[in-house]
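Chain naming follows the written order as A, B and C, and within any one chain the residues start at number 1.
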Amino acid sequence: MANKGNFYTLSLSDLKIDDSIAEIGNEMHGLMRELYPICRSITGDGVRQTLNILQQDIPLNVHEVASGTKVFDWTVPKEWNIKDAYVKNSKGQKIIDFKKSNLHVLNYSVPVHKKVSLTELKEHLFTLPEHPDWIPYRTSYYSENWGFCLSQNEFKKLVQDTYEVCIESSLEDGHLTYGEYYIEGEHSDEVLISTHICHPSLCSDNLAGIVLAASLAKYLSRASLRYSYRFLFIPGTIGSITWLCLNEPIVPKIKHGLVIACVGDSGRFTYKKTRQQDADIDKIAAHVLKDSGNDFEIIDFFPYGYDERQYCSPGFDLPVGCLMRTPHGEFPEYHTSADNLEFVRPENLAGSFSMYLAVLKRLENNKKYVNQNPKCEPQLGKRGLYDKLGGPDNGKALQFAMLWVLNQSDGKHTLRDISERAGLEFDLIKEAADVLAEHDLLKEVGADNEWSH
Amino acid sequence: MANKGNFYTLSLSDLKIDDSIAEIGNEMHGLMRELYPICRSITGDGVRQTLNILQQDIPLNVHEVASGTKVFDWTVPKEWNIKDAYVKNSKGQKIIDFKKSNLHVLNYSVPVHKKVSLTELKEHLFTLPEHPDWIPYRTSYYSENWGFCLSQNEFKKLVQDTYEVCIESSLEDGHLTYGEYYIEGEHSDEVLISTHICHPSLCSDNLAGIVLAASLAKYLSRASLRYSYRFLFIPGTIGSITWLCLNEPIVPKIKHGLVIACVGDSGRFTYKKTRQQDADIDKIAAHVLKDSGNDFEIIDFFPYGYDERQYCSPGFDLPVGCLMRTPHGEFPEYHTSADNLEFVRPENLAGSFSMYLAVLKRLENNKKYVNQNPKCEPQLGKRGLYDKLGGPDNGKALQFAMLWVLNQSDGKHTLRDISERAGLEFDLIKEAADVLAEHDLLKEVGADNEWSH
Amino acid sequence: MANKGNFYTLSLSDLKIDDSIAEIGNEMHGLMRELYPICRSITGDGVRQTLNILQQDIPLNVHEVASGTKVFDWTVPKEWNIKDAYVKNSKGQKIIDFKKSNLHVLNYSVPVHKKVSLTELKEHLFTLPEHPDWIPYRTSYYSENWGFCLSQNEFKKLVQDTYEVCIESSLEDGHLTYGEYYIEGEHSDEVLISTHICHPSLCSDNLAGIVLAASLAKYLSRASLRYSYRFLFIPGTIGSITWLCLNEPIVPKIKHGLVIACVGDSGRFTYKKTRQQDADIDKIAAHVLKDSGNDFEIIDFFPYGYDERQYCSPGFDLPVGCLMRTPHGEFPEYHTSADNLEFVRPENLAGSFSMYLAVLKRLENNKKYVNQNPKCEPQLGKRGLYDKLGGPDNGKALQFAMLWVLNQSDGKHTLRDISERAGLEFDLIKEAADVLAEHDLLKEVGADNEWSH
């Protein structure tokens, strides 16, 4: 392991964040405000600007993959960029203006500049009648088209007229851009944290995910870690497909993973299980959510949603789940102009940060041990670990936890498993394991041989 | 596969029966009326006549196995035939007459012709006091005896007298007779359909089964089939034991099977599981019954009932279930003269035909595939299989079904499994699989190598 | 197998105890009264006297293991003996007197004889304020100390004074003593019955266990047994650790086991499962408790309690459960002077004896067979085992049981498993198996090869 200096000797669980959690929420919201105006898509300068801003906080590697590159069944598309777009009426008034909201343009619109009748114009307009004030978000990545999105109320004001439509975009050979940040831990086994970065001015889906991933990366980079961590900032679908195709040799190192999505609203947490359904990350996430004492939901895997659909394709079947607040499509603001900076509050972001950190801490601490005196109990008393006087069992929780850890540490059960079987809190079980390991009564499984560098 | 001519290119699922289902019920009832008067038993001319009549519709092979043939722990019994039987009072009046109902004779009665007192006669009479108008059905296959069955009301009229009892039967070395019809499908793997043919004038148990098996055989013979089908028309117990003993090399080809029993009444369907409890046929039958929207019952395997007790003996343990309406012994008419042509209605037979056909169709369609692009999703859009415009998920059921089929087609899950996990209807999942297979995105498991001819 | 004489040809299930069960309870209580006054500990003459008394009934081997012997992570401690102990006030009156109750001395107290102030005395006194009349039971085996236990009411009477404390004990190199009784059965596979013998005048925990083990041993020694039985009378914790360490080669022979504890009160039975959770003994105990018709409780394994914590340590993981009435710590009299001869009644002991015997009988009878005619059913009729006349299924319970046993006897299912799957009583299933085995239709699994002598 590379020398990270003395500062990095704290383990993840020893780093304290309680005092600064509100501050972290504010910082995340500040970063989100900075990223909000940028018009992102699955390729183009919007993604580059976004990654450049993130590089101010974390030493992100930015990768460029040329248009036309074959990635499994797909091809990296042409790069899309946009300067301006508007619709003017015959009086020359801009009635739709990209500068006011980048949602006004159908994302990936080909360039267009012509005069059209109201009838023709309407074939290229998208509204959301059930929320007449909101602009919907629409894309057309893989089918060349142009269009504008606007609120139903603005749409209703349109009259018979000749309209000038102008989209100053380009769709040309270029690159797909993504960011990657690898934090080396004690072991080469990896935890994957993936977030998509292709949405323009939309906050819970998914600027919140971008700033949460960045904050976690920044935070973890300061700790001494058991696992290595890989953060991916990628365009949805084509980005994960591209990364998986170009990095197949790395894939087997991924032992656990989470796709970050929809973490900005105030809703309860929802964990979507991996395709495997009973992966360690599934058990850990469920355990931590339960321990939180708050309402939550666990849902089964399904093969649509975010990039977990690629990570969990049958040829990879990675243990990658998805930890959200309110899932996509289940809040009315989803994919509309209402998913904005007011909808996502700093305290929501701070709460999501805490929850993710709790899951990662649990994962770091979820070790597996082998009892070094497996035949009968070791004599805890002579090590000062046992009540000296036979009598009522008061305040013996730690002692019980030690007996559980000793009894179950046969190299098959993780501390989480033991916590569940014993019905004792994970932290107590971990404390017991730490004490026993200090006394050489336990040895971590794989600390010498199963793990590889 | 043998050339069946152009008529046979329709797959089972493409054959339509909706218009003619009532007609099929009437045809089945007509055949049942033709078979009803014949006095069948586990051997003898009654069985031969029955099979001859069935041969008018299906090219049944009729097998004759000689009395005395050893079949596992059993021996093929002597052949029983009967011409007439009666009991006359001292005035020469026939008070019990075989010609009026073949149930009047204890089935397999040895010949007898003598005068007996009322006391002696009573030792050979069987009645059903709880249904005083009905004649019970009794047999004595493996213990030589003679007797008469009559209604309790007739029994009560008997007075002290000298009675002439006469049973003109024969019990001599001969043969056990059974019918077999094999329909060759694309693969040599077989579906077994077995029905017993040993009951005299009794309709739900089991003339209904005979006519249902015959109708299914006739119908399937016109379709292009994936599986091969073997229909057995055999005497109960000794027939299945004989067939299994004489056909052991064929047994491993049987991949699924159903014993037809008690399909003529108007009760809900009951499926009795195989000894294996979770065979494909168990899952399929449960799935189809559930999809039917009607009340039904699934019961666990037990080692008595019909010929499934032989197919599911531990040395064979075949995946053979039993699909009934009201099970044997659970309707009062069971094994009495009340299980007659009025008790079994054409519409009951038609419903049983439909249910069996639905199960067999599901079985034919329950394929297993391997995704040909298992790493990440294939790009459905470029094949015209995916919405072009990112937007609300309306009317995307087929698209979701395609994603499920792709995600789960790892060669381990059948379409039924996928349907269950996805919570989507089987037909939708099948449609998705068909579309994907047409685009070479799926390949059927075993289509080339696992299946054998 | 050693010749035990004609008297011993009765199998365990044939021995009848119903008439004498009350008498057995009285005998057990009588033995308990004889053992009650002895001051036992984990070593010393109290244990020797106890074992000597038991030897009057059963030919117990008494083993002596020298102090200082290393047993896994532990060391056999010095031997403790005590002659007398008291506390006198300045007037020379004995205010605490070992001769009145051996609970008055902190068990394993080092010798002491000196004058102390009330303040110093109080540092060595133990009471039970919530039950002011009761003397608590306290020990200090592995930490040298001295002390007295007394009721809270006596404690309150203590005044400022100079007290003479005297404990005439010795703690010197000697031996740890335990008793062992091995009953050879047909097979060398063993059932372990273990009870601790280290408690002084305490009845449910665990004089009741000692007398129950002794009575079972006496009873079993008179029967013809399938399994061999090993009875251990050992000091808690250090005793089982010592036995396991010195007898490791025997350990793999232990196929089932029960730790006897807390069997003297009138509470319902509680069965604590083995670490394996689904061992045969777990299934058998649950089955027998359910069949008893009385209220009972099954609790999961936990790694504290009695010697099951050693037998179930991960290096051994033996299928040893614990069958109790009210568990330790769940009745207020536990480890106090109130757990006395009145608390434990003869009828409680008799009930515990019956329950243990029922479990052991079930275990003895829980055979596994292979059907010798696995292909189709054997013809039961020709052996006189089947109704001759086809007719209503009355009184056919045994016949159904035979069909179940034949169908499930594939060498994998025990009679208990079959009883559970069939929903038929164990005794009926056993009767069916016996009949079938008599007719050579079943062969016991391992009767020839799997078992070893």
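Structural remarks
Rule of thumb we're sticking to: a contact is a pair of C-beta atoms (placed from the backbone, for glycine too) under 8 Å apart; a residue touches a chain by one contact, two chains touch by 3 or more.
As the structure is a prediction and not an experimental result, all values here were calculated from the model.
For the self-contact between subunit A and subunit C, the two sides draw on mostly distinct residue numbers; the shared fraction is below half.
In the CA-based superposition of subunit A onto subunit B, the rotation angle is 120 degrees, rounded to steps of 5. Between the CA-based centres of subunit A and subunit C the separation comes to 56 Å, rounded to the whole angstrom. None of the residues of subunit A touches two or more other chains.
The touching residues of subunit B, when paired with subunit A in their complex, are 371, 373-379, 381-382, 388-391, 393, 400, 403-404, 406-410, 422. Those residues of subunit B that touch subunit C in the shared complex are 71-74, 107, 126, 136-143, 145, 237, 240-241, 244-245, 275, 302-304, 309-310, 312-317, 329.
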